[in-house]
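So, here's a batch of structures to check.
Here chain A shows up in two complexes: once beside chain B, once beside chain C.
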Partner chain A sequence: MSERELLAQDIKGALKRGLFGLSPIAESLVAAALGLIIGAIIMALSGFDPIVAYAALLKGGFASTYALATSAARATPLLLTGLTFAICVRAGMFNIGAEGQMYMGALAAVTLSYFVLPPGLYQIVGILFAMTAGALWSLIPALLRVFRGVSEVISTIMFNWISHFLAFYLIAKILVDPARSSQTVRVPVAARFPILIPRTDLSYALFAALAFAILIYVLLWHTPTGYEIRAAGLNPRAAKYGGIKSKRTMIMSFLLGGMSAGLAGAAMAMGTPPSYAVFAGLSQIANLGFNGMAVAMVGRNHPIGMIASALLFGGLAAGAREMQISAGVPVEMVGVVQGVIVIALAVPELLRIFRIFRKRWPRLFGRRAEV
Partner chain B sequence: MSWSSLINILFIALHAMVPITLTAVGEIVGETAGLFNIGLEGMLLLSAFMGVIGAEHAGPIVGLLVGAGTGALVGLVFSIISTYWKGNQMITGIGINLFAAGAVAYSFVVLGRPGYRLLDAADRLPAIRTPSGGLSPIIFVAILVPFLVYWFLKRTRAGLILKAAGEAPEAADVAGINVNRMRLLATTFGGLLAGLAGAYMSISWVGSVTKGLSAGRGFISLAIVVFSGLNPILALVGGFIYGIFQSLAIWIKNTPGITFLPWQVFDMLPYIVTLLVVAGVIGRVRFPKALGTPYKRE
Partner chain C sequence: MVQVDQTPRAVGTSELFLAAHGISKTYSDGTEALKRVDLEIHHGEIIGLLGENGAGKTTLTKILSGLLPPTEGRVESPRGSVRFASPREATDFGIGMVHQHFALVGPFTAAENVALSHERPFTRIRLAKSLERLKALMEESGLHVPLDVPIEKLAVGEQQRVEILKVLSRDVDLLILDEPTSVLTPLEVDNLFELLHKLRGQGKSIILITHKLKEVQSITDRIVVLRHGELVGNVRTSEATTEHLARLMVGEALEQAADAVELRDDALPVRRDEVLDDIEKEIVLHVEKLVSRGNTGEIAVDGVSFDVHAGEIFGIAGVEGNGQSELVECLTGLRVPTQGKATIVGTDILGRDPREIYRLGVAHIPEDRWEVGLVLPFTLAENAILGIHRWEQFRGPLRTIRWGAVQQHVRALMKRFEIRATGPSAPAKSLSGGNQQKLIVGRELAKDPAVIVASQPTRGLDVASAKYIRDLLVDMRNRGRAVLLVSADLDEVLARSDRVAIMYEGRFMTVCRPAELDRETVGMLMGGVTSGAKEVCDE
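What follows is the complex of A and B.
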């Protein structure tokens, strides 16, 4: 082999490595594409035009300042509930409890209206209330896991249901608005996050979410505590051998996750015009915790990647309304797409399967494969 | 508490037991072979919905079959991903739950009646009449199946092979057992039972399907599996305990005069009890060594 050929091979190899280096991102993109394709098939089967639908989705999610602002507003709580899941995955656990912890956070933020505080303190106190409530709600599953060995998957799900009915009770009986029985008291004006772009839902809650994501990134990747959490997640036995206290890292990651979910609740209660309250039936916050898990997975459980994926799912949620209005496709389609994306992401060999498929594709149509 | 209300509580408990027991027994078979399926909740919901569609077209028996088939199909997809494709079982399960919630909500809207589908009385599975009220025939299936599965797992060669696939997949592989195929069959069977449970809820028990019909029962079944320590007969007991508490909650809610606690507390009861039971038994329960990990040949 001549020197030139060797060089060419080197360059080819480097290019390939470059692509492989990006493989987490590529995997997320392939999964997202797969979700959209299967969504399109289901839409076509039920009599809708997928191209019209996706054009509307894109328009409603990303094509104007209003659309982008709405997407970012939808992305804000998803980023935070996603972090709940991601932090615990990094610590080697599956915390499905963001949903309930977020309810608790939102209701804790609403209680602000019973307090009289100096005007500047409301937002800080509201955030602290919500984060504390979320963290406390995640503490019991964490303790059950550490001291009784109860699977956190089961305990957090049971806690979601307990908090579901607890929230119903609190909204109906304790925190109810005397003027409107279908919702809680409203967060006082001084405690509301100011609106960032007029006539949209986008508030300064976005910055709170972004700041928390960056904080988690710094904590997990640039501090000894974060190193311990990630080490315990990657290889619990080696971490233990290395002197890392696994009980401590477990409880820590659960508390951080609870704080994040609580903050998501605060972002919803204190940053969603026009109600600034929690409705009976939890209509405006239900499922944000579950959908956050999809955000975490597509963002590869990395806070920075999740900012991008939260915007993607926020855009899907925002665009779904436009899709319903102009293409007639029910907004629930987005849930289908999201489910397929997550299932696709569970397959570690997705890219390999995709590549084999791509190689065989031209042959199917009678052309020679180039690769 | 009068005699008739006691019978009434027992009847509701038996009905509430069925979906938990069937789903848990199916999951026991899957976990024995080494697969952990958190997507049971989605399977219940999806098959409850498909069962109603089947029953509307061709009557309750077809509805039950369609529901069971839906569950088996989802179980098959789950097991292909988590055996041959070496996927992460937890994430696949979460994906199945998200997909089912989305797909059922979407189908409600597409079929014209958002959020709710009521079955005509003629399309519901007829109940067995007793002097104290109707009993669903599926109750007897749910009581029989755990014993059959117990016999299968403990007394047959196939049951032993299944156990080997979950305990020591390498050894099973060396012994000539196709580990992935065994796991695939086990989880597909588990999906079949979950599907039957889902269809039972909509076609036989409730007579309608809503987005919230499964109400966490898939997850409670997972908890009951932990309680049972992979013994199907204990899953029957666990399902019945759950049924009693569910039934008590319903009875208390419908009894005027009990106001010392808000009704929401009684709705929480089954979940709290499940959690306490799991926290109480854990430690004495041992699970298959290879549970939750895909088998890769070295």
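What follows is the complex of A and C.
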């Protein structure tokens, strides 16, 4: 069967496994509509015109080349950090650590400026650096889980804080730009992702993210390794019976997830004009890892679905400014409305995931102990 | 037809507590769990409920305690109608049940667990009062447990006592115990029986669900035997002989093996280089003094030795939970045994992982097809390659999986093994039980194995699917494979095996040809009784 037929089959299968008897796409549309309506009610109650506000959101997010380019630029790192979460969920684990793994990737990419390389190699080396850093940072919680039984949820959250303060230290003391103490050294010009559309933030990093998403899709659904990861994620006992080593699939999924988050860091450090550096306080990259989890939920932890959901999130982020400027909605209210829409979209997948994980962690979810 | 003994009056002239009239139960999937069962329970008697797996014991107790509505018939009590919405209502009425798997909160102490069972939502928990009551109850019943230790730190026997205390503290009149001795040490069993006697003295009724003949004879006043949902015996214990009970439990008739159909010739490849006469003597699977622990650390397999030859079906019969599962898991790489030896054509297999064992030519049809045999959310195609997903015939460029080849393989399986599904991309959970099992069997036989380990291969299947799978196993035997058939379905094992072992509490009670066993002996051996059973044919 050809690639395309399989994709069609995947989409058909995805359509079939809907909650509430709805197909996932219809379900998402209903959820989005609900989110928009609730958001509109909140705005109306607070004295803003929802129609004007949504028009501004649409205009700022999707209505022009500039708007679309901005949305796509915002979507790039979110798609990658979302993949971190999605790969691990497919393997049956919660990796909350994309945030920290992304920091490590961004800082690793920045260190490029200390090396002298042939011009053509800079980007590749930068990407490799960042992916390696992310993967190594992700490897420790994976090993703790596999060999010591430490919950990966707890350890990845802790690792986020470790990397948070480690990043503060590195930015302030080690990687600091001698000219400007508020940021790291800048990524060398030869290492930067070229800008795709002039006068926007959109760089070739978008293609790196898309390529990685497609790579993950192929890996998960078209290779024996991906098959093993998904089997172990859905039913560890059956996987063991099928000769699959779940320790291996767990570590593999964390490594892949870390690479993805590291690449997100590289996309930010090497692809965000005009600074091409990481700011003290991590202002331009903070929370991209956490938001990626929402992208994964809305995209149903499927790389292809997540391309769409990352674009939606990018659009919401890009449209927020327009909402503020032309509809006069304060930034806090914009956040509330965005939050409502995102939650509405993520709920069905959240429910599905919890159902799978409840079996795994009876204690966490309060099932009676079988003594 | 088995003759049903007249219902005897209970010991003494105690009053009636509960009466079931003409109870039938048909589950929504068409399973007839009970057929017109009549039963009376009086105050102050201990009733043993005897029967094989699937005889309807659990269904009957659930109906008696009002947790399940009967399809036909009614349960009555001088106290009023018996129909409850929850176990709590049942205990309020005076019926308490102690399940095989305890419903206790691990990190809570005994006192907290008991208090928990008394509380209603949104009320204050009065732990001190409950503790006081519990101590009084412990004195009264003679049941002693540590009160301030988390439940999970207690031995299983102690946990059971907490469970019983929990039920007694609700002041029940009827106590139903589901296989209470299966988790206990012999000393704990003695203590439990002493307690049951004491409770009977206080006028309480007790139903003891069990398959152990010795136990049921040593403690009960009356024994009720179920077989295939029918009440086939209701006898006073003092008048029942072990032989009689054994015969009642396992029945008289045997399904004949002769009607095994010839399978289509293309169903499976015949091993190319074999001459049946030669390999019939060959020992394929050799097991020696295998010892293994179960999930709770108890010795589950206790020194089992046997050989399975090529072209032979070696059956293991017995009531479930006597170590069969653990034995199979040891042989298929899912459990590491404590001691012993097992080889496949001379190669040691113990402690190897499932993939290596499969490479040595072992196919495994696991007893739990939902939790182990299949990844339910996966499609038919994805499930059909579980364990063989790295086969060369499915490998495309760059080490990808060639789904086209997989689909072809699945379509062939569907045709050969009569798997009915909408197509290779249907999710496995959308298939009926019979088709799911055929999918597993097809996948395993496609490995062209030398040894087939089939564990409860037909449990819960419709008659046609069950027969089909049994015939397949016979066919595999005829093609020179060694088959290890583990089943709680006595008819299946006895009719299809060339040799059969009966397993009880981790050991083989006997190994012999099915023709050399009569039903009575089988029933006694399954119930753990050897004395009085005719000398059997150990080789």
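In this text, the second predicted complex is superposed on the first by the 307 of 371 C-alpha atoms of A that agree within 3 Å, B and C clash if a C-alpha of one lies under 4 Å from a C-alpha of the other, contacts with A are read in each partner's own complex, and residues count from 1 in each chain.
Keep in mind that, in the parts below, a contact is a pair of C-beta atoms (placed from the backbone, for glycine too) under 8 Å apart; a residue touches a chain by one contact, two chains touch by 3 or more.
Source: prediction; values computed, not measured.
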item	value
Which of chain B and chain C A:Phe62 touches, first, second, both or neither	neither
First, second, both or neither for A:Val218, with chain B first and chain C second	second
Partner chain(s) touched by A:Tyr204 [first = chain B, second = chain C, both, neither]	neither
Touching partner for A:Phe279 - first (chain B), second (chain C), both, neither	neither
Contacts of A:Tyr227 with chain B and chain C, given as first, second, both or neither	second
First (chain B), second (chain C), both or neither touched by A:Gly242	second
Of chain B and chain C, the chain that contacts the larger number of chain A residues	B
Contacting residues of chain A [partner chain B, same complex]	42, 46-47, 94, 96, 144, 148-151, 153-155, 157-162, 165-166, 168-169, 172-173, 287, 290-291, 293-294, 297, 330, 332-349, 353
Sites on chain C touched by chain A in the complex	101-107, 151-152, 159, 332, 334, 353-356, 358, 364, 366, 368, 371-379, 382, 385-387, 389-390, 396, 399-401, 403-404, 407, 425, 427
Chain A-touching residues of chain B, taken from the complex the two chains share	38, 81-82, 85-92, 94-103, 105-106, 108-110, 215-216, 219-220, 222-223, 226, 262, 264-265, 267-268, 271-272, 274-275, 278-279, 282-283
In the complex, chain A residues that touch chain C	1-2, 6, 9, 12-13, 16-17, 218, 222-224, 227-228, 230-231, 234-235, 237-243, 245, 368-371
